[in-house]
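Two complexes, one shared chain (chain A), two partners (chain B, chain C).
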Partner chain A sequence: MRRSILSVGDWLALPVVAALIALCCAPLLILLAYSFFQVDFVTISHDLTLANYAKIAGSETYRSLIARAFGSALLVVALTAVIAYPVAWFIAKRVHAAKSTLLTLLLVPLYSGDLIRIFAWRVLLGAEGAINRSLMWLNVIDEPLSGLLFSPLATHIALTYNYLPFMVIGLWLAFESLDDRWLEAAADLGAPTHARFLRVILPLTVPGLVAGGLMVFVMVAGDYLTPQLLGGASGITIISAINDLFGTAFDWPLGSAIAWTMLSILMLCFGLGALAIRRSSLVAEDV
Partner chain B sequence: MTRVATFWVYLVFGFMYLPIAMILLFSVNDADVMAFPIRGLTSAWYADILSDARLGGGFLTTLFVAFPVAILSTLFGAAAALALVFYPVRWRGLFAAALLLPFLVPRLILAVAQLILFKEVSVDRSLWTVIAGQSIIILPFSTLIIASVLIRLDRRLIEAAADLGASGRSSFRRVVLPLMGNGLLASWVIAFVLSSSEYVLTAFLSGREQPLSVLVASDFRFNLSPSLNALAVLIVFGNIALVVLAEAIRRRSGSKA
Partner chain C sequence: MLRRDFIKSAMAGTALGALGPAARAIASTDILWMTWENLAKDDYLAPFLDSRDISITKTFIGTDDEQFAKLRAGGASSVDLITPGLDKVEYYTASDLLQPIDFEKVPNAALLYDTFKATSLGKVDGETYGIPFYWGINPIVYRADLMDEEPDWSVFFEGDAYNGKLAMRDYALEGIMIAAMYLGIPEDEMFHMDDKQLAEIKKVLMIQKSKLRTYWNSIGDLTNLFATGEVVCAFSWVPPYYDLKAKGIEMGMAKPKQGVIGWCDTIAVPKGVSGARLDATFELVNYLLGEEYGKMLAVGGPYAQSTSAARDLLTEEEQDKIFIKDLSVMDNFVWKQNPPRYNEWVALWNEVKAS
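Let's look at the complex of A and B:
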């Protein structure tokens, strides 16, 4: 079969790889190059320097913004994991005919787009918004809760809402491949409910937890619109700082360096996560 | 335990649809403030939106972008899915990882990176740069949808075609292509929806002509009015109708195989 050097699959992949290189890899590499340049009044000097990275490492503001981005991401991963876990179990193990309908229903709100979903939360959470007005109407509170909108609370509610379906999908896949006979065996051997959960179900769904968690983590850390439009003063994030440096502040090299700092940390997390999934699935096969 | 879980599932699905229910409610509420209690029904906000020439123009611009984006990402997605599922491809793992890249890189970072690229090669920002940028970020979704259809295809059909003397090309044209048709259609529809609702990248790469999502975003920041609810409802239900259509198409291909 080795008549030509490239197989049919290679020929099919070729244009796709070309497009990915042209519009994804090349732009990111140019961004990397810019991160070693510097702004000289209004022009960009092409002498290579590590000054931008030194600036990030030395700046209290940028360090804390980066830490906050990943803190937020971890918090939302934890929230979505707790909320999604029973849902994923239910869809995988307690539903039969309606399975794909439920999954579709879960994904449908995603397709309304970031902007519209954020707008809806603004309507819900605002001082004149649905939740405040309803609580006042019901005489639960006398004046609107002002901390509802334009706060970290609003941001994290909306982030959890936005990325919950991804966590459900990750966990659902893990539950689908979980063999119920493990549970029966554990029960036969006298394991009480909590032991069955902690020592059988939880370890076997770790790959799903990590996969869903990684997706949520990456997307929350990189989310620009949600904190920007719902966070108020807390809406300044490391991602919005990149946006400002490319816009009004006109310091593309520093913006590029921050972007690559974020990308490097994200890639590291992703590598570790992939490793964790591989190891835990090896363990699962060994038992 | 099942009863508690059932309750929880209802709660979570309620949470997912609460924002949509809210904008639906306030889009027909006869009051300037978006708040309870509901005052009465009106279709005024919808009339506002439908008679707005600026938004109408934005909508046409969105269509102008979304059609080619949906075609491009479906074509490239089909090639990628075929290479991943059917035909052996060199460095398969690396290829799959590269396909995930546009999805995983934060949207804003990819947007500024593409902005620099277009500047370096002296291409002015226009709807064409939007089309190129959007196609690449939607590619992972198209690939996934088409691959999910291909995975369920019965490989024996292709073997049978080969046994009956069909060449690689004619078995592709007469067996694989008709069977993956539904996947292509579903991918096209989903790509269309994703393209029309994409904002961050679109805002960065568009020039003077701005699609609907960019116009909505500026209204949203500077000019919050109940008519935005009506617009949001039209967009949400338009998108939901298309997504449900795509799912129905994709599932039909499953039952046949």
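Let's look at the complex of A and C:
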């Protein structure tokens, strides 16, 4: 007997899925429409124009802020990946009884909230903070290192700390599904350690790396609180510029255009990430 | 359910605080006031509510822009009284959201200080749409124990004694006004600067950025930065000065001769308010400009009302705290205005920060 194309469950889920799509898409589509409008003081003119996108393309400030957002995101993805790889491997392959405890501990900082974590970093990195005081007590420095706080260094330390758990979880899932027999086979065939990592472990954990990387990438690109509160005079981000445009400048169309430019680049990154996962799956199948 | 009723229900929790005795719950007229939390404390409003058959539902704002966005998005029909900045009233009138103030119903408006009577802000064609309500200054606040002398605006642009120890509010309007005052651009030109003047402003703001520890966004954060010694001098609001002095830190407050930024919030009535609600709203406006409310605001705020109603009821110390002991302080004020090219100001400010 031929089965119906949609099951009862599918029909029941349909309204929820439709509502979710509508609720997610509607605000974005409104934003997209606004990005083609213009503002004159407090009046929004609905004549369609590409002027806002031309303004972004022609503005060194907006271009560099967008580039800085994605550059920062890439750097933090790289840092979290390097730190998370051994952590995820350890939890997945070396821990048995305390696995869930370790994973819970990993998530504990996330329960404290962004602001608390940021201020904790201030306490550590500030002129009167723990690091400066310790270094002075040890006579390593004569006066506090001012560059520890309110600098790109402080911002990237905090961003790496904040988003590390997401990378660890992505990689941990990949390591959990990694069959140890592949490694045993590679070792039996005489593959040295680095070759086993590069030719077996890395290709088979790429999906976790990409999934974790995309999560971290998106969250860092959209984080403006951490750079604002720890980055000092250089803490401006493209998100805070959008905030200025929507708030004080009442230039919703330009703010929408920048938001959509960011969104388009992020979607491109997602597309590339999905492609990487697909290709690595094919590699895994070949293996 | 009417939109107004829905909003009222949703704000029931907030309203409870204002309603107080059960008798008020059945008040014949309810006023919905969109305002800052510190202006609508229960004890400030109690004398008004106790003697009238009126209740007040309060809805609090976080920023002036948020208030405008709410009204612009259709909220005007559900609100009876709003609290826009004097420089922002123009946004509301240009959007046709307000109705003129009926001065016959606000006798206390006769007590407005001269500077507020004379200002053209908040008015269109001679009609007042936003009546000055309360005001203050945004001075330079500094750690007197860590600075050798009282600073003026030049501390943010010249010398290197305090490099990396200064902070500036992350707000294009005030940041550019300060640079203009430093460059000696007169007030009547300040908000209409041409390209050449804006280029000069950008040049000095770049110098300023190199001297800053950070741009601050919340006054609590700035207070923290003063307390930890990360920042010794900042363009600030007044609270850190009093808060840290109370904690035993030697603080200073400078009002530069080049000009001091004055701020003033108004009270304004949205266009759709009418009938008994309008009468009750104007009754509240009159109360807010009167002596009882003024005294409580001066002591509890501490903020100065825009009228002289409560001035003589305050001690000299209380007057001094809110800058009304010697009113000549106002001679040096530069009131915030809305520059016609404000989008370009914001772009310039972001260019400097992104450099």
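FYI, the second predicted complex is superposed on the first by the 266 of 287 C-alpha atoms of A that agree within 3 Å, B and C clash if a C-alpha of one lies under 4 Å from a C-alpha of the other, contacts with A are read in each partner's own complex, and residues count from 1 in each chain.
In this text, a contact is a pair of C-beta atoms (placed from the backbone, for glycine too) under 8 Å apart; a residue touches a chain by one contact, two chains touch by 3 or more.
Keep in mind it's a predicted model, so treat the numbers as computed, not measured.
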item: Clash-or-fit label for the pair chain B, chain C on chain A; value: clash
item: Contacts of A:Ala13 with chain B and chain C, given as first, second, both or neither; value: first
item: Contacts of A:Gly126 with chain B and chain C, given as first, second, both or neither; value: both
item: First, second, both or neither for A:Leu229, with chain B first and chain C second; value: both
item: Of chain B and chain C, the chain that contacts the larger number of chain A residues; value: B
item: Partner chain in contact with A:Tyr111 - chain B first, chain C second, else both or neither; value: first
item: Which superposed partner A:Asp244 touches (first chain B, second chain C, both, neither); value: second
item: First, second, both or neither for A:Phe41, with chain B first and chain C second; value: second
item: Which of chain B and chain C A:Ser177 touches, first, second, both or neither; value: neither
item: Partner chain in contact with A:Ser134 - chain B first, chain C second, else both or neither; value: first
item: Which of chain B and chain C A:Leu266 touches, first, second, both or neither; value: first
item: Clash-bearing segment of chain C relative to chain B, given 93-101, 147-155, 219-227 or 237-245; value: 219-227
item: Chain A positions touched by chain B in one structure and by chain C in the second; value: 126, 128, 229
item: Chain C residues within the chain A interface of the complex; value: 63, 65-66, 68, 72, 91, 94-95, 164, 170-173, 209-210, 212-215, 217, 221, 228-230, 340, 342-343, 346-347, 349-351, 353-354
item: Touching residues (chain side chain B, partner chain A) in the complex; value: 2, 4-6, 8-9, 12-13, 15-20, 22-23, 26, 33-37, 76, 79-80, 82-83, 86-90, 95, 98-99, 101-102, 104-110, 112-117, 120, 132-133, 135-136, 139, 168, 190, 193-194, 196-200, 213, 216-217, 220-221, 224, 228-229, 232, 235-236, 239-240, 242-244, 247, 251
item: Chain A residues within the chain C interface of the complex; value: 39, 41-43, 59-61, 64-65, 68, 126-128, 146, 149-150, 228-229, 231-236, 241, 244-245, 247-251, 254
item: Touching residues on chain A, where the partner in the complex is chain B; value: 7-10, 12-13, 15-17, 19-20, 23-28, 30-31, 34, 83-84, 86-87, 89-91, 94, 100, 104-109, 111-117, 119-124, 126, 128-130, 132-134, 137, 161, 164-165, 218, 221-225, 229, 239, 242-243, 246, 252, 255-256, 259, 262-263, 266, 270
